[in-house]
Structures are given as C-alpha cells and as structure tokens.
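This structure is in structure tokens; I'll ask about it shortly.
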Amino acid sequence: METWLAAYELRAGGSIRRIALLGEGIVKGMLETAKNFAGSFVSEERLTTVEYPEQRIPTAENARVFPFLVYDGPEWQAGLRCVACQICEKECPPKCIYIEKSKDKKPDYVGKMQIYPARFDIDVSVCMSCQICVEVCPFEAIKMNTEFELATDDRFGGLLLDKEKLAQSNEYYHKIHPTEASEVDARLAEEKAKVEAKAKAAAEAAAAKAAAAAAAPKPDAPAAGGD
Amino acid sequence: MATTPISVTVDQIFILLRDWLTHFLPETLRPFANVVLGVVAIACVFPGLFALTTVFERKGLGRMQNRLGPNRVGPFGFFQPIADGIKSLTKEDIVPLNADAVVHFLAPLLLVVAVFMGFAVLPVGRNMVLVDMDAGLLFFFAMGASTELSIFMAGWSSRNKYSILGAMRAIAQMISYEVPLLLSSVTVVMITGSLSLTRIVEAQNQYTGIFPHWYVFTPWGLASFLMFAIAATAETNRTPFDLPEGESELVAGYFTEYSGFKFALFFLGEYLGMFSIAGLGATLFWGGWSAPLSILNFVPSWIWFFSKDMAAIFVFIWMRGTLPRLRQDQLMNFAWKFVLPFTLLNLMVTALWRFMEGGWLRWVVCSVILAGAYVLMGRTAMHRKHFGPRSYRYAE
Amino acid sequence: MSVVFYALAALTVAGGLGAVLLKNTVHAALAVAVAFAGLALLFLSLDAQFAGFAQILVYVGAVAILVVFAILLTRASETPAGGVFSSSWLAGLAIAAGVFAVLGWAVLGSAQALPLSAVAPSATVHDIGVALVGRYVLPLEIVALLLTAATIGAVIVALHEKERTR
Amino acid sequence: MTGSASPLAAYLLVAALLFAIGLAGALTRRNAILVLIGIELMLNAANLNFIAFWRYGPHPEALTGMMFAIFSIAVAAAEAAVGLGLVIAIYRHARTTDLDQMNRMKG
C-alpha cells in the first residue's frame, strides 16, 4: 500500500525524496524564474548581455580568423619574411593560397638574398582558418589574424586578399598574439645571432687563413670553401 | 459607500465620452452609433495591448533568462511591435501551390473574428460592456468553440504534413480542455444563478469589512480557478501545452504555410485569445472590475479589469519562461484523468457549498474534501506511468 | 419579412446545398458548418438566444469538428474513383423534391390559419433553468443518461481492436 | 410574399427546404459521412420548425418549443458521435466508406 500511494523523486545525491503534492515541482520552477526576473532589476551583473557594437568582449589571445603575412621594419614590401617557398600553398587543404615567385631576389632579415613572392593571394571566402599554413611555414612568415569584421559588398574581388592587404607589421603581430610573437622574435633573433656568429667565425677563419697564406705562400690546396 | 462624484465621473469617463459623441447624431441613429463606438474601442484597445504584450513577453522572458530583452527599437525596445508589424506586413505572402486557396485564406479571418466576438460580453468596467447578454457566458464559449474549426481549416488547407499534424494535436487538446473549462465556470454560474457576466461581477462586488466577496477566496472558487487556469492555458495553446506549434518538432504547427500578414493574424488571434480568456478568468473568479479592497473604490473600475488582465498575461509569460512542454499523451492523460474528474468533484462540492447554511462548518467541509481529493488524486496520478516522474531506461 | 431574414435564409440554404453538392468531402463538411451557423443566427432572429448559442457551441464547435475528424480518419478527403453520387441518385433527388412539394403545399395552404403573436417572448436563461429542472426534469435525466451511454458507446465502437488480426 | 399572413410561414418554408436538401443529401451521396451530414441537416431543419412555432405560437411562456429544440440538439449530437464511431469502425474493418460497397449483409 505504501508504494502505491507515494511517488518518489530520485535526487542528485541518490537520496530518494517523496513528492507530496502534484504541483510541487512546478511551484519550485516558477519561484526560480521569479528570482531571476526580480534579481535582474536589482543587481545588474546578473545580466549577461554584451551589447555588441558598443561593448565588446576582448578577443581571446589564440583566436584565429584568416592568415596574414608578417613583415619586419618600416616598409612592408622589403620587410616581408615570406620567401615564396610555396609549402603553405601545397599544404593548404582547400587550396586557397596562390603564390607567384619573383624573378629577382631581396635580402631577408639575416641579409641572405632570398626570392620573395611577386604575387601572394589568399581567397578568404575559401579559407577555413585551419592554421596549417602557419604550422608548415619554416620562415614564420604567415600568422593567423583575429580581425573578424570583414563584411564586404563585393563577393569576388572583396574576398580575394592580395599581398598588400595581407601584409601586417611585426608590431601588429605583437599586439594580437603577444606571447607567440615574442617567442617567434626570440627564435629569429637567436638564429640571426647564430648565423652572425658563424659568419664571424667564417670571417675569422678566412682572415686567419689569409694571414697564414700570406705568411707561407706555399702552393697547398686552398682551404675548403666556407662552412 | 457613496463614491465621490469625481471618481464616479472618472470611472464612467468612457460612457460620458460616448454619450457626448453620439448626441450630435439624430435620435434614431444613436443606439447604432453607441455600438459602433464600442466596437471601435475594443478593436483599438486590445490589439494595442497585443502590441505591448509582445514586447513585455520578449523582455520578460529575457529577464527570466538573465539577459536583456529587445532594447534597440525605440526607448527600452517599445517600438519593437511597430517594427514587427511593418515586417509582417511587408513580407511576401506565399501560398503553397497545391494549397486549398479559399480555405487557406478564410482560416485566419475566421479565427480573428471568432476571438474578437468573445470580447463583446466581457464587462470591462462598471456598465462598460458592449452587449449585456442574458446568456453572456454561453456566448463566450460558443465563440471560443468556433476557433477550433478555423484551426482545422488552417491545418488542412496547407496540404502539409506538419500543419495537419499540428492542427490535429491542437484540436484534440482544445476539445479535451474545453470540457473542464466549461465545467469549472459552471460552478460560478451555480452560485450566482445567472449566465450574464455583469450579474456575476455584481455578485462579487460586495465587501465584508474591506475584503471583497470574490469567488477565488472560497475553497470551491480556488479549486475551479486552478482548473480554469490550466484549461485556459491549454485552450490558447500556451506554454506547458504549446505542442501544436512546438517549434522543435512541428516547425510551426498549423500555421507553417502562412507568411506575411496572415501569419501576423494568427498571432493576433492567439494573443487576443489569451486576453479574452484571461479577462473571463478575472471576471469569473477575481471580481472583474471590482476593487480588491473597499477603500480602493475611488480608483476607476476599468483600471482594475485591465490590471487583472495584465497580471494574468504576466503569469502566462512567467509559465512560458519556466515550464517544459508536455508530450501529447501526457497532456491528454492529464486532461481526462486529473483535470476533468477534479472539476466534476468540484461541481459537487459547490452544490454542497450552496445548500449548507453559511458559517465555518461549510468552509471546513468543502476545504477538506477538495484538499484531500487533490492530494490523493495527485499522488496516485504522479505514481502512475502516464504523468509520474519520468523513468529512464539506460542502456547497460 | 425583414431583409435580415432573407439574408440568413439564403446563407443557411446555400450552406445546406454546399454540403450536398460539393465534390470535395471536406468542403462539404465546412459548408455544413456554415449551414449550422446560419441556423444559429436564424434562432437568434427568433429571439431564442439560449438555443442559438447552444447550437453554435454544440454544432459548429463540436459536431463539425467530429465530422471533419471522421473524414480525415477514413481518408475520405480524396474524391473516390466511382464518382461522388451513389448509383441511384436520380431516385433520391425525385423523392426529396416530392417531399419538399408536399411540405411546401401544406405550409402555403395553411398560411392564413398560422398563429401570429407579434410580441417577442422573453426566454431568459432563468426561465429555461426553472423549466429544465421543473417541468422537464425527467427528459433532462434521460438525456443525461443517453449522452453518457452514447459517449461510452462511441468510444467502444471506434476503439482500436488490438487483438483482432487485420 | 406572405406579407399579410404571419412570418411563420416563411420560416416553415425555409425549414422545409432545408429538410428536403438534407434528405437529398442523405439519399444521393455515396460517402457514409456525407449521408450523416444530410441527416444532421434534416434534424436541424426540424429544430428550426420547433423554435419558429414556439416564437409565433399562442403562449410562448410555456417554452415547450425551445425545450424540445434544446433536447433535440443534445440527442442529435450524441447520434452524430455514435454514427461517426460506426463509420470509423466499418472503415477500419472494410477499408471503405462507400455505401454501395457495404452490402456484406446482403446474404
């Protein structure tokens, strides 16, 4: 008889509580929303609405939308890190990167003469923000941007970003991804230092060899070329 | 309790206004003009309230879910209904190819006409009722019953599986909740002895000390008001019972194939249905236009009617913000296995109430019977499979 | 006779004709709902307020929906292949016309002898209530019994037989 | 047309016409449900007669006509419910609502 009359409610903690009245659950629920409703007028922080154009949530640090090309120094054309090796073009799953190599070369951040991209287009309407191009790029030349207000009225031209629109300064890179940018800079500086040290060592070796050659001008084979 | 002339004039302001307007006309046209002015008043006030309610609903629901409601269009979002109205007017009115054009077109019209007719008998204020009918309550329910036909016409004529399903569910739900709706209002008729709504309000408009004789303060009145409220929510397809237009599974139920102004007409019909059933609830159980305390009698009577109406609308919105949707079988089981039996029992208790002489004894007897029945039926019902707490079978 | 009467009579007869002649079954059902509503208005024009509203509530509110449900449950909304009228439709029409002729002749023949009390009787709900529980209390109880039996009977007749193999 | 005589004749004519239409519907239609609709129309025509006679009758305070009409509405509703229940049962069994095919009892 007992079980026939009583109805049971399995509570979270596993303890069973008898429901006395039919409307009990409804009343509890209604009081809950009433508390929300009244509370929203009393304390403002209950309201979670962010009124978008006026107030903005700060973008997360590792947010990513579409790629951009990093350049060092004041002038973007000369400072572009990209050496048009086309690895990212091959790796891009939706194939939205198009690169044309340049005929001549320009010095890169270490001073070595490198090819640079004469044309570097990304079709932003195709790009799926997978960041594979950033991972495969050996020269830290392409990073992910966090700018998302990209609405244009031109469906074709507007969404095909060329080299000039893609280029952003290293300072901008520091602004949107501070930790990552500083790591990249540290690595580049270290490589640069290594290259310069090697260059200096090679220079000294060359100088020493020249001195030795000058001291003993016997006709042995010249030292093996550079490093 | 002679109310001071000022409050009487304010109370009767609309009647005086109407009489002043019609006295320009010749004698023969005057009754006709009175009716026309009454109709124009109803046709302006209630759709205006409908526009306000859409904003209240969205802002109220927002506040219950810890977010702001619409606040872009106009101050605090109060021009939102105008924006919605223009949007629904300018939207293209698509009629499906093999839909039955005539019936498709007539359905929303019949719905809105039937719902508007219901307002004719509601006493909005002291002698402010459009048509003081002797069988006013019966007229109201007759108009309520014809809305089901329009819902069927909408569902069937769209030739669309979802809408026919939604229409069938809506009609089954409305018919099974119409029986308790009528029976719970019959208790009020038994005690008042008349079907005319103005007589019902006058019967409740007496005071002992400062407390009014509203029916909701009697045991049978509270019980029938609860059942009336449940049935009214089901009649207007509102939240715990809004399966017919359950967005998740039925797209939009019987008005799936409607767009543009006809869609807006369906919404107008639904909200006006809410207003009229809330108005009827206020008239039958909460003393229509009578003041809650005798000392508050100086306030005009129509303010009380509309405040009770808006309070009921807030409860509708409040339920919409809280309660989950009932399944179709739970809904039907609840109607036929709890609401109807309890209403029938309440009829007997009301008869008992009427023929026992006054005093505390009848209060005790009636309250005990009703409370005992509620708890007993509630627990047996909750225990049974149909609408007891849900039992899950987890895959092992 | 007033214009209102002619309008209502026309509406009701049109609804009745629609119910009989329309090909599409659901249109016929909706037409009969129009006829029921027209009749209710005729009752109101005869100052029978309670009967008029009861007519709307019972017929337009419930019986019309019942008919439409039955049509959908028996998939009758698609017009049948073998035409809409039964094979012996001409005989039916002739009988109906004959009945109307007889009735019409009887009414017109006795037009002068018909009673005419111009004063409109006031059948308030109170009087009806008193009559229902006073003079007509026996028919009231019998109809209550009949309605209960009919409801239960209809449910049992239309019950879904589970055990019978179809 | 019957201006001089009482308007009752006009109501009786309309009722007779409705009755005839209902009878025609019941006799000529093939679908069982529409036959039921025809019968409903005939019942309603009879109600109209009752109320017309009550309205123009000698002593309307007796309410006989109106009471008869109200009881007839109740009984007709019950009859419609049972009738449609039968039609649905027949349809579920014989898969048809066509009256001409329901000759199983013909022996």
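Per-chain residue numbering starts at 1, and chain names A, B, C and D are given in the order in which the chains are listed.
Rule of thumb we're sticking to: a residue touches a chain if its C-beta (ideal position, glycine included) is under 8 Å from a C-beta of that chain, and two chains touch if they have at least 3 such contacts.
Computed from a prediction, not measured in an experiment: that's the story for all the values here.
J.: Which neighbours does subunit B have in common with subunit D?
T.: Both-contact set = C.
J.: From the C-alpha centre of subunit A to that of subunit B, how far is it in Å?
T.: Each chain reduced to its C-alpha mean, subunit A and subunit B end up 58 Å apart.
J.: Could you put a whole-Å number on the gap between the CA centroids of subunit B and subunit C?
T.: Centre-to-centre distance between subunit B and subunit C: 29 Å.
J.: Express in whole angstrom the distance between the two chain centres, defined as the mean CA positions of subunit A and subunit C.
T.: 77
J.: Taking each chain's centre as the mean of its CA atoms, how far is subunit A from subunit D in angstrom?
T.: Here subunit A and subunit D have centroids separated by 81 Å.
J.: If every chain is a node and each touching pair gets an edge, what shape is that graph: line, ring, star, complete or other?
T.: Contact pattern: an open line, chains touching in sequence.
J.: Considering every pair of chains, which are in touch?
T.: Pairs flagged as touching, ordered by label: A-B, B-C, C-D.
J.: Okay, in this complex, where on subunit B does subunit A touch?
T.: Residues 60, 63-68, 318-319, 321-323, 338, 374-375, 377-383, 388-389 of subunit B touch subunit A in their complex.
J.: For the complex, give me every residue of subunit B touching subunit C.
T.: For this pair, the touching residues of subunit B are 103, 133-135, 138-139, 141-146, 148-149, 152-153, 156, 164, 168, 171, 175, 178, 193-196.
J.: Can you name the residues of subunit D that touch subunit C in the complex?
T.: 2-3, 5-14, 16-31, 33-34, 36-38, 40-41, 44, 47-48, 51-52, 54-58, 60-61, 63, 66-67, 69-71, 73-82, 84-89, 91-92, 97-100
J.: Along subunit C, where are the residues that touch subunit D in the complex?
T.: It is residues 1, 5, 9, 12-13, 16-17, 19-20, 25, 28-29, 32, 35-36, 39, 42-43, 46-48, 50-51, 54-55, 58-59, 62-63, 66-67, 69-71, 73-74, 76, 80, 82-89, 91-93, 95-97, 99-100, 103-104, 107-108, 111-112, 114-117, 120-121, 123, 127-128, 131-132, 136, 139, 143, 146-147, 150-151, 153-155, 157-158, 160-161 of subunit C that touch subunit D.
J.: Applying the document's contact rule, which stretches of subunit C touch subunit B when the two form their complex?
T.: 26-27, 30, 33, 37, 49-50, 53-54, 56-57, 60-62, 64-65, 68-69, 72, 77, 124-126
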